[in-house]
Each structure stands twice: as structure tokens, then as C-alpha cells.
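Take this structure, written in C-alpha cells, and hold onto it; I'll ask about it next.
Letters A, B, C and D mark the chains in the order given here, with residues in each chain numbered from 1 onward.
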Amino acid sequence: MLLENNLLNFLLVMLQELGLTAILIVLLFAKLMEGEKTSPMLYPLVMVLLLGHVLISFDGNTTGMLFSGMYVNTPLIGMEKGILGLGTLLICLQAGTWLKNHKHSTEFIMLLIATLMGMDYLLSAGNLLMFYLALELSTIPLAALCNFDLEKRRSSESAMKLILSSAFSSGILLFGISMLYGATGSLNFIEISRSFMGTEMEMLALIFIFSGFAFKIAVVPFHFWTADVYEGAPIPVTAFLSVISKGAMIFALTTMLYKVFGAYAAMWYNILFVASAITMTLGNLFAMRQMNIKRFLAFSSITQAGYLLLGLSGASAEGATSVVYFMLVYIFSNLGAFGVLALVSAATGKEEIHDFKGFYKNNPVLSWVFALSLFSLAGIPPTAGFFGKLFLITAGASRFNMPFLVIAALNMVISLFYYLKVVRAMLVEQQDEPLPTIAVPFYARIALVVCVAGVLLTGFFGQIYEYIHTLSLGF
Amino acid sequence: MHEIPINHILFLSTALFFIGVYGFLSRKNMITMLMAVELILNAVNINFVAFNKYLFPGKLDGLFFTIFIIAIAAAEAAVAIAIIINLYRSHKSIDVDEVNDMKY
Amino acid sequence: MMPDTILIALIPIIPFLCFLLLGLTGKKLGAFSGLLGTASMAVSAGFAALTAYQYFFHVGKIDGVFQKMVVFNYHWLQFTPEISINMGMLLDPISVMMLVVVTFVSLMVHIYSLGYMKGEERFSVFYSFLSLFTFSMLGLVLSANLFQTYIFWELVGVSSFLLIGFYYTKPSAVSASKKAFIVTRFADLGFLIGILILGFNAKTLDFGLLIERLIHVESPYLQTAIASSFMGVSALTWGLLLIFVGGAGKSAMFPLHVWLPDAMEGPTPVSALIHAATMVVAGVFLVARLFPIFILSCPVALDVVAYVGIFSSLFAAIIACTQTDIKRVLAYSTMSQIGYMMFALGVSGYEGEAGLGYMGSMFHLFTHAMFKALLFLGAGSVIHYIHSNEMKDMGGLRKAMPITHITFLIACLAIAGIPPFAGFFSKEEILAAAFHKNPVIFYVGLITAAMTAFYMFRLYFSIFWNKPTPSAGHDHHHHGEGPFTMMLPLFILALCSISVGFIPFGQFVTADGQFLANEFHPMFSIAPVSLALGGIFLAMLFYKNANELPAKLAVSMSVLYASAYRKFYIDEVYLFVTKRLIFNLLGRPAAWFDRTIVDGLMNLIGGLTSGFAEMIRGLQSGKVQSYAIWFFAGVLGFAVLFIYLW
Amino acid sequence: MNLTLLLLVPLSTALGIILLRDVKHIRLMAAIGSICQLGLAIKLLLAYQTARLLGDTSQMLFQFKYAWYPSLGIQWHFGVDGISIAMILLTAIVVVAGILFSWKMSFQGKEFFLLLVLLSMGAYGFFISLDLFSLFFFLELAVIPKYLLIAIWGSGKKEYSATKLALMLMGGSALVLVGFLGMYEYAGKTFDMLQLAQAHLPLEVQKLLFPFVFMGFGVFTAIFPFHTWAPDGHSSAPTAASMFLAGISMKLGGYGALRMAVYLMPEAAQYYSPLIIILASIAILYGAFATMMQKDLKYINAYSSVSHCGFVILGIGMLTRTSVTGAVLQMFSHGLMTALFFAAIGMLYERSHTRQIGELGGLMKTMPFISCVMFIAGLCSLGLPGFSGFVAEMTVFMGSWENADTFHRVATIIACASIVVTAVYILRALGASLLGPIKNEHFNHLADATWNEKIASALLIVSIMALGFAPFWLNNLITPDATLIIHALGK
């Protein structure tokens, strides 16, 4: 604040967004320059830049406020941006195989990074206007991305479903915002949180805004778009939707609930309780019968959203920490799964569970990667997912809401059932001509190695959690 | 001249909002649905302006918000229509009910 | 001064080592294993004799009373501070007497089997099992702790199981062995619970302390044991009765006797050792072991013992008259004789003269071991010669196998109680005791004695007379008598059956350990002896030469005959209870219930879940607008719920 | 002695297996690793006893602490007492035997041995953990290997059974988790068992949480009515897997129920004790009766396991020092015995390719060794003196009989009655499959056990007899800690 108009501090505080902007500019120029085909150097270059962006995010000292509180950055937010950036990097790496034979690869990366930037702003938003702009910036390009397989029916259908329903939801969200504005007379988070008066209008606003978030995080009953969109969209986009945008929104929700609606903690605890309970349960029930792996992963991600809300309901530093930690783990696990899926479908176009029967025969390593990721999603030790999920539940247990705990615990069992279904198809069942051996290109290999390492090791280094915890204490 | 009480305006905006919602839920043509969304957004706009004018005349942030909403709505509509056009290529229809390959 | 611990310890240990050795390396030893087993048995028999000598003539008696001596005691398994299973060795008249009997008969059987089992494929296994049995039996008689008794009790049971099922390829043998094990196991359940009751009432399992605490009226343990009652019967009575159930199981008392006749499927030497001389008297031994408690604290239980004993004795005698398988006849006679021992205990008192029954019972146990072993071994050599157990295949063998004939005759006379053979003396004592205590039992006993004589001689005549000698045409690869190894035991046992009756048994084995003269009243013995002679005469009439009398008799009292021949349908009853009731009413339902209800529930949960999943799939209709409807409904629902309701 | 070794050895074995290629080397690696582990276990036992002799009276020995997630109060906290050492010893023995028995495993041998090692590692970690979080970690670590072992290398309706097993065990651990979190919250954010033991949760809380923890672990030890995973799982699993399953994994449940439920929530334990006893008695007798009707050897053993584990639950429920000791003894004994039984069945099945007692018969003639092994296992399980089963069951009976009221007495008598039923079905099974005339022509030329099978069986039999002949060493090892647990009850 003091050094607000100090350029260096300005750069420092917004370093991540500025970095992304730089990358975007590079891409734009590359697009202008490029003739028939994009230069082979571009892709690696962008990857390296992204990596740099990720690395600078993890030092927890970029903190400050800009534009009279419209833009806020704290170590924790920086961390969250880093996590999202890491996820995007991994997705880009995995997308390589699919992009190779796609004529708009540069635009793809551009849109992706634009979305990421929108999310960064979303996290840093300290003001409802900023928040709304960032939200749209991170939504609209996604719709375009969903349609990226221009000639595929399902791709455009999913894009349509996404854009229409997100337009609707942002309308509702906006209505909530307007009510909030009317009730408190301000758009600034801090001022809003100060000037609550407990009117029903505020509560209504809370619910409208929550439903806007719930839509993006895919919380039952606001989740229905998820499955269709995930199924239709190109795999990298699905991965992005299920990991990055979900993550961004849950982080933003943390800010929104803890910072803005702190006064209504008692109320939104109940909301989270109900929402999380039905989300877990219905997500599981839907996932049980899915045959298409993308769709199946969509529903599993819905279930995970339920657990995220459970952790969030802890309403404490543990709550925030567990959410961030889980997202980190979730990126590794989910992208591990999507990575393998991406390779397979790029090579063979197969996405059904039964196609994976006897997968182990020709691709032992890939199937172990896949299996590990699924176990991590199911929360089976020694994978990191176990720790992530357990910390969420532990944070949620702080109120000691017994039914809540029981529901969560039992849902872990149900979810195991369908994760095992996929594992069984790969490792146990056989078919006459199983999928051929699938080549793993360099970038994808890097991505998978990172994911597996993350899945296997994260849990054993308590320091990671502790670090996030120290950051979130100041949060 | 005495001015219109805020409740009237709020009633209008709320009505607009629900009309928009109803339109979105009932119309089968995607373009019309987009227009319904615009109604919702306009309801929001009216809210902002009204609140700003009546309750917090000192500041302008309500108005700013309105402007931004209009701008973004345009962008959103652009992308949406692009998508719908693309959809039309493959489905030969912009009837929302005919576009449900993916379900269950 | 104490007897030599090492010496006594070696008596059971030698057979055990022998068992391990033969069990592990039997195949390689081959025929030699028999000699090895016999030799080691001889050694331990020698030690037993030595111990008996030491005990009875040097160390055992202290101022005129034979002491209970615990020569060795080790805390094997500590339960509570006071209750523990100890492994010990207790010397007192009966245990020493049993030591001698077991080792001696076992030695005889070892020798006999050298010939009888020659050429068997599993020769060494047979000997290892014999050693195992001997070890367990010795451990049983030596045990100083009620639970130790139970341990060896079980071991005896399993070795008997192994030996009955020795010819495991014969289904009948297998089922017989199973039957034996399960029936005795059932009885052991009673024994176990009895142990729990007594042990926890007396707060100890050591015989010495246990008896000490449960016989004195003023002892608090006894009072609680009597005070605490279940279904109107005092804990003490329950305990004793349940323990008696255990004993009845092993000793084939009615109605737990069903396994004994089938047990004859085992090799004959085994029947001689286990199912005639030693194991089956374990029950008697057990009751005798706890006799002070029975007689001093709980005479009711003792009456039960007496009546069960006398009934089984008569019951078995009746059946024995009709059986045609010679080993089964012997089996039933065994049962009947053990019944004798039981009711002898039942009618006995404790001090001095009153202890006659106890003494008689032990005496009869001793003599019975001799002549019953002899009978079985004799029968063994007959079967060895004829290759059949059925009377109809036999007859007129007295020429073919003279030695067997004579020794068998001696044994029959002994068991029939004809003076001066061994059985006479012991039976006298028993009947005398019964006469003093309970006339009913006495008269039934008399009748039983007569019937004993009858069926034994029925057996004798139909084996050795009845038909003309088989012609030379009827030839066998080996002629007549078995090898010397089979003859020698017959000789020795015959000598014993003649002589042991003259041992002044009362000097050694009595209830209270004090001297008790066996005086002998010729007047009294007129009745039993004449009855026995009558029985023999009848048998001679019927069976010395083939004639129609038996058949006529059978017809004239057909009902009784038939039912006796069918062993009064006890087996059928058991079959009904086990197969029909237990299996169909408990086993099947349990299995069904488990598969259908319990497991069904588990599957039902899964089914319901997926069914519900199937039900709600319609929600995901694929139509954007329905999604939006849900969305809006959610918003409104949340609003209503959380703003107004919650 | 450093307890982390118990985890490092399996871990390094697993890594070695991953690196190696040839199945011969892999199985050698596995065998060496497991044998080292057995050595460690024995060394641990000796070290423990010497430490006790030297007068170390602390409850847990060789403690090792490392703050893992300090802000959540989660830590690596290891330590052992007599009970856990007994369990570790059991695990080590069974593992060695299991690996030797699956020596011939050719199909995907690498994965097979890897999973076996992981499974054992889970067990070791479980038994040495004093921190509820790491304990839970290891508890679940062992679930998936079981699933895969059954689903991939199993027989029959393997996938159904594997899924059922995994789900039911997961359900169990889910319940456990709820209980643990409850304790964690009420005891002030600590997972440390020793601190929880001092925490003295209020009675209402205990009453609330006890069922979760106890039943959760009960599922693992096949408590009625959550036992149905056991028959299917055991019968479908490959030999080594069913050995591990019945020998080790069911013991996790008993141990957990004793440690986490009874010890940490004593008042609730007393409150629920009658219920536990009723369940246990049902399991014992009902399991036994259900066994009588089975035709498949593995089902017979699986159901008898249900019945035998009923004794564990009964011993725990009776809440006397002797009965608790008996429960631990029974766990040890049952682990060895049932492992041996499954091994024997596996050997028969490999050769005769059937487990239906109706189709078997007369195998004693062609495979005396295997038949003897099976006989010994059978006799042990019907509680014959000289074998471990007898000692354990008698201790349980004795301990149960200490409660002097009619209810406990009746329960005890019911339990005792099972020894008869056990005799019935064991003899039925053995008689039908081993004795009698040879049913099937091709049985005549079947080979007897090979060297590895002989060694493994010998190992198990020796340890069974070691307990059967000299129970006092184990008894003395366990009793002090049993006493401690009972003292927690305030008895």
C-alpha cells in the first residue's frame, strides 16, 4: 500500500499475471510471424516460460495490494496461482500429442493461458467488479476451447451446453452481486464484510453467489452440465475443466466465504454440509454406471468437489490448507489419469472402459500409472490422495458433525467400487485384441513422471502441508 | 416533480429477472435463450443503477459495474453465437432439445 | 524319602521319544521299527515295575497309609494367580497300579503285533501310534492336575482315533474312528465344563489341593460350591456329574457306548490294548481319582454312577448274547465289565471296610485288564487264522490251534468268575460290596454275572467246538497257530489270568490308602459261582454241537432277540439325532441363512445402491434447459431452506 | 532396537523386486527379504525380553518418534509391547511360509511377489504404529494388494469375491476412520495412542465412538454379521493370499479392536461387552454349524476361521486378563493354523485340481506328506492338546469362566460346545478328502510335496507345536500387557 506507486513493487506484486501476459504476447507475435506451420521451437519455449511462471509463484513473498484493494496478493494466493500454473503446464505437455495434428495449436495454448490469467485475477480479486471480470475472462475462452474439435458434433454440443448454462449461472451470480451491492453499498470485499446487517437480502445474495460458484465447481444440483461438457470436450480441455477451473473456483470460494461472508459462517456451514453431502452421494451414484472414462472422471470430479466442500466447511486455517493441499494432490492424480487417457485416445480414439480390458498386457507401465492415479483419486494409501482426502475430512471433522463424517466415509467406499471397476478392466480382465502398445512422447513422459512422482511422494513430505499451513495462517 | 420510489424499480428489475429466467427455461431456440440471458443481465443492470442512484449516490461503482456488464455480455454473446453457428453446421438445427447426444 | 523322579519321568518319556523317532524316520527303519518299539516298551515296563516295587514296599507307605506323592510339578500354563495347568506326576496306589497295567499290557501287545502286523505296509506307523497311545495313557494316569488329565485324555482319544482308523482305506474303519472320536469328544465337553466348575469353585486344578478343599465340610470352597446352584442342582454336583459324563464317554457307559463296538474295526491288538485293557477304564480311573469328593461331599452323584454302571453292565450283557461278530461280543463284554467297575465304585464307601467296593473295582480293573487282553489276543489269532470275525465261519478250531484254545478257555473261565481264576476274586469283592450296600444292584449284578458266563462260553464253544474240525482241504498258507511272538503273550497273560487273583489287593489299593483285608466267604460265593456254572452249562447245551435250540430260542423270544441283536436301536437313534436333527435343523439352516440372508443383505446393499443409481440416471437428460431448471430449483430450494427453514 | 528396520526391509525388498527382471531372482529376493524379516522379528523378541529382564517397565519399548504433520498432531510413532511382538512374529512366520509356498508362481510373478511384500509391509507397520493416523495408513495400505492378489491370481468367481472383500474391508476402515477422527477431536487434536489412553474421553463420547471403531475392526476379523467377505475371499484367493488373508489380515482386526477400541475406550467397552459377547457366541457356534455343510475345502476352512475368530472376539469381550491373553493367543494360533490349513489345501488343489471333498478321497496313499500336514492343521483347529489351538481356546474358556454370572457362563458353554461341532466338520473334511478308497484314477500318480513346500510346512508346524508344547513363553510375553489393558478398565 505504502509503495503502491512504486513500479518495482507493482511488478513484484503482479509478477505472475504480467508473466502470463508476456507469454500471451509472445504467442501473438509468433502467430503473426508463422507461415504455413508453427516453428518447432515455439512449443518448448512456451513450456519453459510457463515453467518459469510456476517457479516464481512458489516463493511466498509476493504480497501486497493494488488499485485501492481491487487486486490483492498474499503468499497463499501466490501459492494457489502456482498450483494452477503447474496444472496448466502439465496439461499443455500432455496436449502435445493431440495438438501435433491440429491446425490451431497456437490458439489453443493462447486461450488456455488467457483462461489461466483470468483465474489468477480471480484469485487476486479484492473487489466484486474485478471478481466478475476475472470470472468471465476465465469462462468465455473455455467455451471456445470446448469447441476446439471443430468438426466433432459432441465437441460443439458440449461448448453450447457450457456457454449457455454458464451464461445463465453468471446471470444469477450477477443478480446476487447486485443484491449484495444494494445491501452493503460497496463492491470492496473488506468493506462489504464490515458492513453486514443480517438482512435477508444479504443471505439471498450469499445463496445466489454460492450457486454461481457451485455451478463452476460442479456441486449437485448445479452440476448437470459437467458430465456432458467433459465428455464432449477435447481431453486436455476436460482435464483443464476438471482440475484448473474447479481449483480456481474453490480457491475463490474460500476467499469469498472466509473473507467476505465470514459473518455468515454459521449459515454457510449448513449450506456446505448439505451441498457436500448430496454432491458426494449423487456424484458417486452417477459415476457407478458410467462406461465412458471421461464421463466417469467427470462424475468422480463431482464427488471430489463434495469432499472439497467438506474441507472448506472446517472454517479454519486447516480448512483452507487442506483445500489447497488437496488441489495440489488432485492435480497430480487427475492429470495422471487424463494423461494416460489422452495418450490412448490420441493413438486409438478409444475412451470406453471396456476398451481398456487387458490394457496391462501391452502397456504395463501406463496401466500402473493409471491405476495409481485412480487409487489416489479413491484415497488409497500410499498415494497422496489418501492424505489429501483425510486432511479434508479431518478439517471438516472439527465441528464434529457425526452424520457428515459417516456420509463422507461411506462415500469413500462407494467411490472405491467404481475406481476398482476401471482398475479391474485394466489389470484383471482380458480381451482378444487388447489395445496395442502406446508410444509415450517426450513431453507427455515428463508430465506423467511428474504426476506419478507427485502422487507417490507428496504424502510423505509433511513439509509441503506445513508450508501451505504457515501461509494460510496469515490468510 | 417527485421521483419514482425505488421499490417500483426493484419490482421491475425482479420481474425482468424472472421473465428472463422463464424465457431461458422455456424457449427452444438457442438465440432466444441468449436473449433471455440478456434480460437477466439487464435486470441486474437496473438493480445496480437503481441502488447506486437511490442508496449510495456518492459513488459511481454501480454504474461502472453496469457498463462492464454490458461489455462482457457482448463478448459472451459473440462467443455463444459463434458456437451456435458451428453447432448448426453439424446439427443442422439450433433447437436446443435436438442437441442431446450426450446424456445419462 | 521320595521315589526316583527321573525313573518315573522316563516311563512316559521313552514311548514318546519312540513315537517321534518312528513317526519321523519310520519308513527307513522298516521291520526294525517293531523291535525298537517293543524294546523301548519293555524298558519302560521294567521301570514301571520298579516304581511299583519302590512305591508299594518302600516309600509309598507312611505310618500305614499310602500317600499321594507329587514327585514333579511344573507350572505349564498360568491362568490366574491361583489357577494354572501344571505338568506333574502324582504317585498313589491307583496311579502306580495303572502304570503297571498299562505298560505290561502294552508290552504284551507290542510283542504280539510283531507277529500279527507282520508285513503290514504301515508297520512302523502302527508302532509309532502304539507308542503315542502308551505315552498318552501313562501321562493320563500320572497326571497331578485335573487339566493335565484332560490334556492326556484328549491325546488318548486321538491316538485311539488314529489306531481305529489304521486301515484308512476301509470306509467302515474311517467312519468308526470318526464315530469314536466324536462321541468321546462330546463326552469330553462335559468333562471340560466339569473341570471349569470344579476348578473355579476350588480355586485350583491340582488334585491334591482340589480334593483337600472339596471334602471338608467346613472349607469355604466346598460351601460356596454347594451353595451356588443351577437349575436346583448344586454346582458341585453339576461339576462331578459332568466329569462323570466325560468318564462315561471314554468308558463306553450307556448311552455313550455306541462307539465301542464299531471301534473293533481297528487291528485286534489295538482293541486288546485300548478298547479292552487300558483306555476304556480311564473313566473308572477318573471317578476313582476324584472318589473322595464323590463319596464325602456328593453321594448323589455317586449313586448316579452306580446306577449308570449297573444298567450298562446288564444292557451290554444282553446285547452280547446275540452278537455274532466275535470282537463285538468281546466289546460288549468289556462294556459290561466296566459297568461292574463303575457300580462297584458307586456302592463303595470310604473308610475301612466300607471301602470294599472301591478296592473291588480297582481289583477288577486289574484282573479284567489281564483276561480281557488275553481274550482279544486269542480272538486275534483266530481271526489271523480264519480271516473273518464272524462266528459262522468258525468252529472246531480246538485241534487247529490248541494253544489259543486253552488260553482262551482260561480267559473265559476267568471272566465268568469261576474259582480259582482271577475274575472270580475281584467279582466276589464287588458283589459283596453291592450286597452290603444295595440289594437291587446286587441281584442285577448276579444276573449279569450269569449272562456273562453264558455269552462268553457261547463264544468259546462256537469258535472251538460246534462244527467238526476244518478238513485239511480247508488249507491256509500258514497253518494253525501264529508265530511264536503271538503265542508268547498268550502264555504270559494266561498265567496272569490264573494267578493275579491271589494278590492281596486290599493291602495295596484302597480308597483311604489303609490296609483292607480281602476276606473270603465260601458261603457267599456259592450263589454267583453256581449261577455262572449254570450259564456255562446252558451255553454248552446250545452251542457245543450245532443244533436248532438257539434258533428256536431266538424265535420264541423274537422281539427281545431282534432288538438286542440290533443293539436296541441305539445307533439308529444317534443317526437320527445327528443326521436328521443336527445336520438338517442346525447345519443346513445355518449355511442357508448365511448365504441367503447375511450375505444376501450385503449384496442387497450393493444392489440397492446401483438400483438407485439406475433410477436417477434420468436426471442427466442431456437437455440444457432441464439442467437450468435444476439449477434454478437448487437456488430457490437453498434459499427457502437456509433462510427460512434452518 | 530400531523398529523402522521392520519397514525398511520390506520396502527395500519391494524396490529390489521392482528392479529385478527374472522371476527366479525376484522370488529369491522376496524369500531373502522375508527371512531377514523373520530374523528381525526374533531378534526383536529377544531384545524385548532382555529389556524387560533389565527392568524396563515403560509400556511401549523401542519407541521412535518423528513429527510428520506437526500442525495436525500427526507423527510417525512406533513402539512395541508383548502383544504387538507376538503379532509381528506371527506375520513374519506366515510371510516366509507364504512366499515359499508360492515358489512356483510363474504368471506375472513380479507383480505377485511385489504385492505380497506390500501386504506384509502393511501388517508390520500396523502392528508397530502407536499413532492412529499412521496405523490407519497401514491398515488401508494392505487392502488393495489383497484385492489385486485375489482378482488377478484367484480362482472361481474371483472378481466378485475380490470386490466384495475390498469393499467390505474399506467399509470397515471407513467406520474406523470416523471413530478415530472423533477421538482426535475430543482428545484435543492428537492421534497418539498413548496420549489418547490418558485422555479419558467422557462416557457419552465413548459410547458414541466405540461401535464405530470396534465394528470397523470387527469387519476385518470377520465378526458376525460382517463376515461374509471371508468365505468368498478366502476361497477365491490364491494359496499365499488366503494364507496372508486369514493368517495376518484378520489379525489386524483383532489387534485393532483390542488396542484401539477396548484399551482406548474402556468404559464403553464395559458398556457394550454383553453385545460383543453375544455376537461372538453367535459367530462361534453359527460359524461352526455353517461349516458342517460346506463342500469346498477352502469354504470349510474359511467358515471355521469365522468360528475361530469368534473366540478372539469372545476373549476380548469377556474383559478379563486371562480372556484377553487368550484372545491374543488365539490370534497367534489361528494365524499359524489356518495358514497351514490353506497351504495344505492349496497343495492338494494344485495337484488334484479340485477342492470338493466329494471328489477327493484316499489322497493319504499318494501324498502322505501333504495329508499329514492337513491332518495336523485339522487336529490343531479342533483344539487338540500339543497344538497351539488347544492352549488358546482353553485360555479363552478359562478367562471367560472368570465372570461368574449366568450370562457369561452360558456364553462360555456355548463357545465350549463348538469344540464338538469343530471335531465333526474337521473329521468329516479330512476323512472324506484324505482317507477312504481312492476316488479318482488320476490321483494315483500325483506327486507329494516339493522341498519348498516341505520347508514351509515344517516351519509352520514347528511354530504351532512350539506354542502347543510350551505355551508359557508366549503367555508370559502377553500377560503383562493384557493386565495393563484390563487395568485401564478399572477392574
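Everything that follows uses one rule, which is that contacts are C-beta pairs under 8 Å (C-beta built on N, C-alpha and C of every residue); 3 or more make two chains touch, one makes a residue touch a chain.
No experiment lies behind these values; they were computed from the predicted model shown.
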Chains in simultaneous contact with chain B and chain C: A
Chain centroid nearest the full-protein CA centroid: D
Longest centre-to-centre distance from chain D, chain (CA-based): B
Inter-centroid spacing, chain D versus chain B (mean Cα positions, whole Å): 65
Chain A-chain C separation of Cα centroids, rounded to whole Å: 78
Centre distance in Å when chain A and chain D are each reduced to the mean of their C-alpha atoms: 43
Distance between the centres, which are taken as Cα means, of chain D and chain C, whole angstrom: 37
Junction residues of chain A, two or more chains touched: 160-161, 164, 168, 172, 227-228, 417
Touching two or more other chains - residues of chain C: 606, 617, 620, 622, 624, 628, 632
In chain B, residues with contacts to at least two other chains: 24, 33, 96, 99-103
Interchain contacts, given as pairs of chains that touch: A-B, A-C, A-D, B-C, C-D
Contact set on chain D toward chain C in their complex: 164, 167-168, 224-225, 227-229, 231, 286, 289-290, 292-294, 303, 321-322, 362, 364-365, 379, 382, 384-386, 390-391, 394-395, 397-399, 401-402, 404, 406, 412-413, 416-417, 419-420, 423-424, 427-428, 431, 434-437, 471-472, 475, 479
Complex interface listing, chain C residues touching chain A: 606, 609-610, 612-614, 616-617, 619-620, 622, 624, 626-628, 630-635, 638-639, 641-643, 646
Residues on chain C engaged by chain B in the complex (per definition of touch): 617-618, 620-625, 628-629, 632
Touching residues (chain side chain B, partner chain A) in the complex: 17, 20, 24, 30, 33-34, 37, 40-41, 43-44, 47-48, 50-51, 55-56, 59, 61-62, 64-65, 68-69, 72, 75-76, 79-80, 82-84, 86-87, 89-91, 96, 99-103
Chain A contact footprint on chain D (complex, rising order): 67-72, 74, 133, 136-138, 140-141, 143-144, 147-148, 151-152, 159, 163, 166-167, 170-171, 174-175, 177-178, 181-182, 184-186, 208
